[in-house]
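Naming follows writing order (A, B, C and D), and every chain is counted from residue 1.
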């Protein structure tokens, strides 16, 4: 139960589509979504494969709780070898697409090969068809969704697609569903683009069942009550969204600013949740119009925003005067603090374009920040950039750059390579704020030490969503630790990593963990799924998944040498705030972490570890 | 006492918990496409609108039913009797609110019946956008006004 | 109430309570009788119906043929004592003539019935096309329960059946016949299926849908004669083809039953003409349902709309006026829904469009989905759909209320599938962008 | 002595009307504690989930003992989270 027990295998080269039973033995070991699809991927592709070649595979996978009424039970993940990183990629998204795939009867779709011409897949219950996407190619995500719904005359279809960024194989392009929810990181959109796959449109009329309905209702109701009663998930996130962190992290001196030259941004308040709620523009409405919940989510942290119609970005573009997905914290940081830009409307516009054209705003903003530093150093100039004046703080530069990057036009094509390749091209690789080629997000490891280890060891390249130690180090959830010290962080990171891998594999949103522990989650999974799902078995599954991903990366050629942070974080001390004078203590934390993981000093899981995890 | 679903779209976040609850109670599986309540997403206007049968007095569906399969109970609820419904779908075109729908799987029509007095959608709504309250309470007037916007047909002088 | 007719000292005398007579026991007549009873506890109410059955619904006959329901399932009211309990007299007679001036009608059995108010709800009958051989055994209409019983006997699995007419009624019967596993051929004079309900795109979609399911559909084809042959009949087409048939079902349209009013002085057009209170030119005499030529909401003119929901509206409105509660009939909306071997189609109002109007269409031939919307200014005046069932009644709502769609009109022309959104947005005042 | 008070999210409403960008400069007595500062602005302590003094976490339970010094910046939030 809970699983649909079926997957679709779509060979884009031959056009062959087959239905297969889901490997339930693996489901018992890897649960679903991130874990289960990673198992399939690692079994089916050569880890050394070129991510953009037809030999790479692209997997859309749901979790067992996806499509159920468990709060936030609406997630799906895209698993592939990442275009940006060359590491295993797993990008998780909400919205309504994942549940719809299950309503159509499938847990997972595996795409193989490469279509000769642009295609899209429709899954309408058991009618699965590859369709010609000739007239969709070149269309934005928003137009693609509208066109597909119109063509099939079904406004209740849910669609995951790439924008022009993915078509152009921008290395950090994402897959966007439901207009503004995205499988955002690691370049999963570029992989989709490389396969000439424009979109996946699903519509299902079947149902998802659970193993023990009465128990499921009991445990999920209890879970919802915990979320509602918790001050963070019940009030904080729905009211302020993640963006409330802007002032928190700035105050704590951990807001990477201007390509991490600084750890505090003087314009933070202008781009914060507080600013989003202030009346602006001629209609007197604030930037933030409403909050939105993804499927089954009782938290509803999503932002629905609008841009002031008189703002220079949209003054002549009424097509952008409507409401759409607003700034989340990471996007606001990347588009704003990382570039030194404090213009909220410009950031909102750039965010709209990222959604519309399918760009990861974190990697885009951080790459732009790196380019701005190259400009500042005189390495880039308007001759190279084709007239783009990449000055820190320039909203005009942000606007022009985001438009050019999706289209891969002019210097936009270089920005689309990501900061590692861009800075390397101009001889300054040390300026790239990345790990394993992926830009890190909105927490400076000098001010929040646990995040340094998090970034360095993340299996998909720098990322906050693999172990969100900010929760403990800054917000005190579940308990307060000191962000400025390294002691205990290896254990904290490992615990967060394993638990998050389990949550990501269940079909739930990691934001529930501001209120839920595995004590709340395991009973819900157990009631829905066959098998024994306890805190222990879930943690074990999480650890197994983590090691599986690690093993893939090791086989792909990554080594302990890749578990490192940019030079700036290790050498240049923070200039202001509580962390003033501090650098990252990764050197101290990493060996301890390897040991806790049961890995060799070279970061390789020992035979004992592999055996213990039944890998 | 008459009770009714009072819907406040301003509170709706689009989470679809109502659809999930409705579908499980009525269909035995989580299956929003067969939910009797549906949340419309007006994305560009930052609005979500839960939408279902208002159990209107006119009962267009009931009047149009050729086999007397739709009846009104003591609480004003219009119920479909599956044993009598032949699946002719006349009620689906007769209901000017579009809240009676055909279920291909069963060959019958489905509509909201307020779960016999304990509507699952209202219980499941995390934001009180859907409440089941006494009709005297504020809010029902609004719903009636909304229903009347669609009032048509015979006009009593 | 009725104080004028009360007897001495306020004692009510049943003799002076009005007698409402309703000719016809279909949906219009039954609804009228019930409405009269609701508004006048003491009136005498008589329904005169000619068929020897409990009042039933023709709409349900196809489902009877399919075996989904028993005969009792076709009954308009399930409780056998329903009419008795409401003190409504249902008599099985046939009316010969109406003497309007004398407020009297004569039954074919020679008896007279006096009335205070009369409702003519005699419905319609199948048209018998002028073709030789229509009286042969094995040729049947599909209109009454009696017809259904005969068809049920003949339409056995594997036998050859020819159906004349792929109009609305023909198509409903088509579904029922197909479900019985007969070898079915349909002959339709028009260039497509249901030409009076759906346009060419939709009608042809239905045709190819049927053909994919092994049903032979001959459009633009006439039957010239029916002849006896070994083992049954031969249905001869104008193309010269001789179609073997054990059963030939005729569904060539219907005509209102008003012949008996010939010398009554009651004005008749395409049906019995009524005003906006459902009253004929003779005060106290009303008409409703298939037989009535009443106000059409879409055109503003007067026309016969022979469909179930209209019959009910008519019956209700006429009864309110008969009971002394002046009630205006704003006009009925033509609408139909059809299930053709699983493909569901519907049409509403001026689906063919109006002069000076605009149109939004969307067709997915291979997916068997189609929507066509017709606007006059920014109001929906008609529509049709194939393959769409979700929230479909909203078409009626929008047409009937004439809700100005504002900026949603252009959005619907670009994306007609967003109809439900347009309705809810407009009704909720969500109109930006 | 001078201190800066910053109240964020829904606590912003407790700031004097002259406050801009959720902050205000104040002159307070030498012995003022975090608790004194917040109660003098009618901020209910039970809503103060995150208190940073100069960016460093100051446990709300210890607010009475957390005495301020000249130039301190006190920033306070109700329950918040992010990601």
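General observations
Note that contacts are C-beta pairs under 8 Å (C-beta built on N, C-alpha and C of every residue); 3 or more make two chains touch, one makes a residue touch a chain.
In this text, all values refer to a predicted model and were calculated from it rather than measured experimentally.
With centres taken as mean C-alpha coordinates, the chain found closest to the middle of all protein C-alpha atoms is B.
Taking A-B and B-C together, the chain pair joined by more C-beta contacts is B-C. Between the CA-based centres of chain A and chain B the separation comes to 38 Å, rounded to the whole angstrom. Centre-to-centre separation between chain B and chain C, using Cα means, comes to 27 Å.
If you average the Cα atoms of chain C and of chain D, the two centres end up 75 Å apart. Each chain gets one centre point, the mean of its Cα atoms, and the points for chain B and chain D are 49 Å apart. Shared interface positions of chain C, i.e. residues touching 2 or more other chains, are given as 390, 420-421, 432-433. Residue positions of chain D touching 2 or more other chains: there are none. Counting partners per residue, chain A has 156, 322 as the residues that reach two or more other chains. In terms of inter-chain touching, the protein chains here follow a pattern that is not a line, ring, star or complete graph.
Looking at the complex, you find that chain C touches chain B at residues 27, 31, 57-60, 63, 68-69, 73-78, 308-309, 312-313, 316-317, 320, 325-330, 332, 335-337, 339, 342, 344, 346, 348, 389-397, 400-401, 403, 420-421, 423-425, 427-428, 430, 432-433. Of all the residues in chain A, the ones that touch chain C in their complex are 146, 149-156, 321-322.
Residues 67-69, 71, 96, 99, 103, 156, 179, 203-210, 213, 224, 228, 238, 289-298, 300, 302, 304, 306, 322-324 of chain A are the ones touching chain B in the complex.
Within the complex, the chain B residues that touch chain A are 13-17, 20-21, 23-24, 27-34, 43-48, 104-105, 124, 126-127.
Chain A makes touch with chain D in their complex at residues 230-233, 235-237, 239-240, 242-245, 247-249, 251-253, 269-270, 273-274, 328-330, 464-465, 468, 470-471, 474-477, 480, 482-483, 510-511, 514, 577-578.
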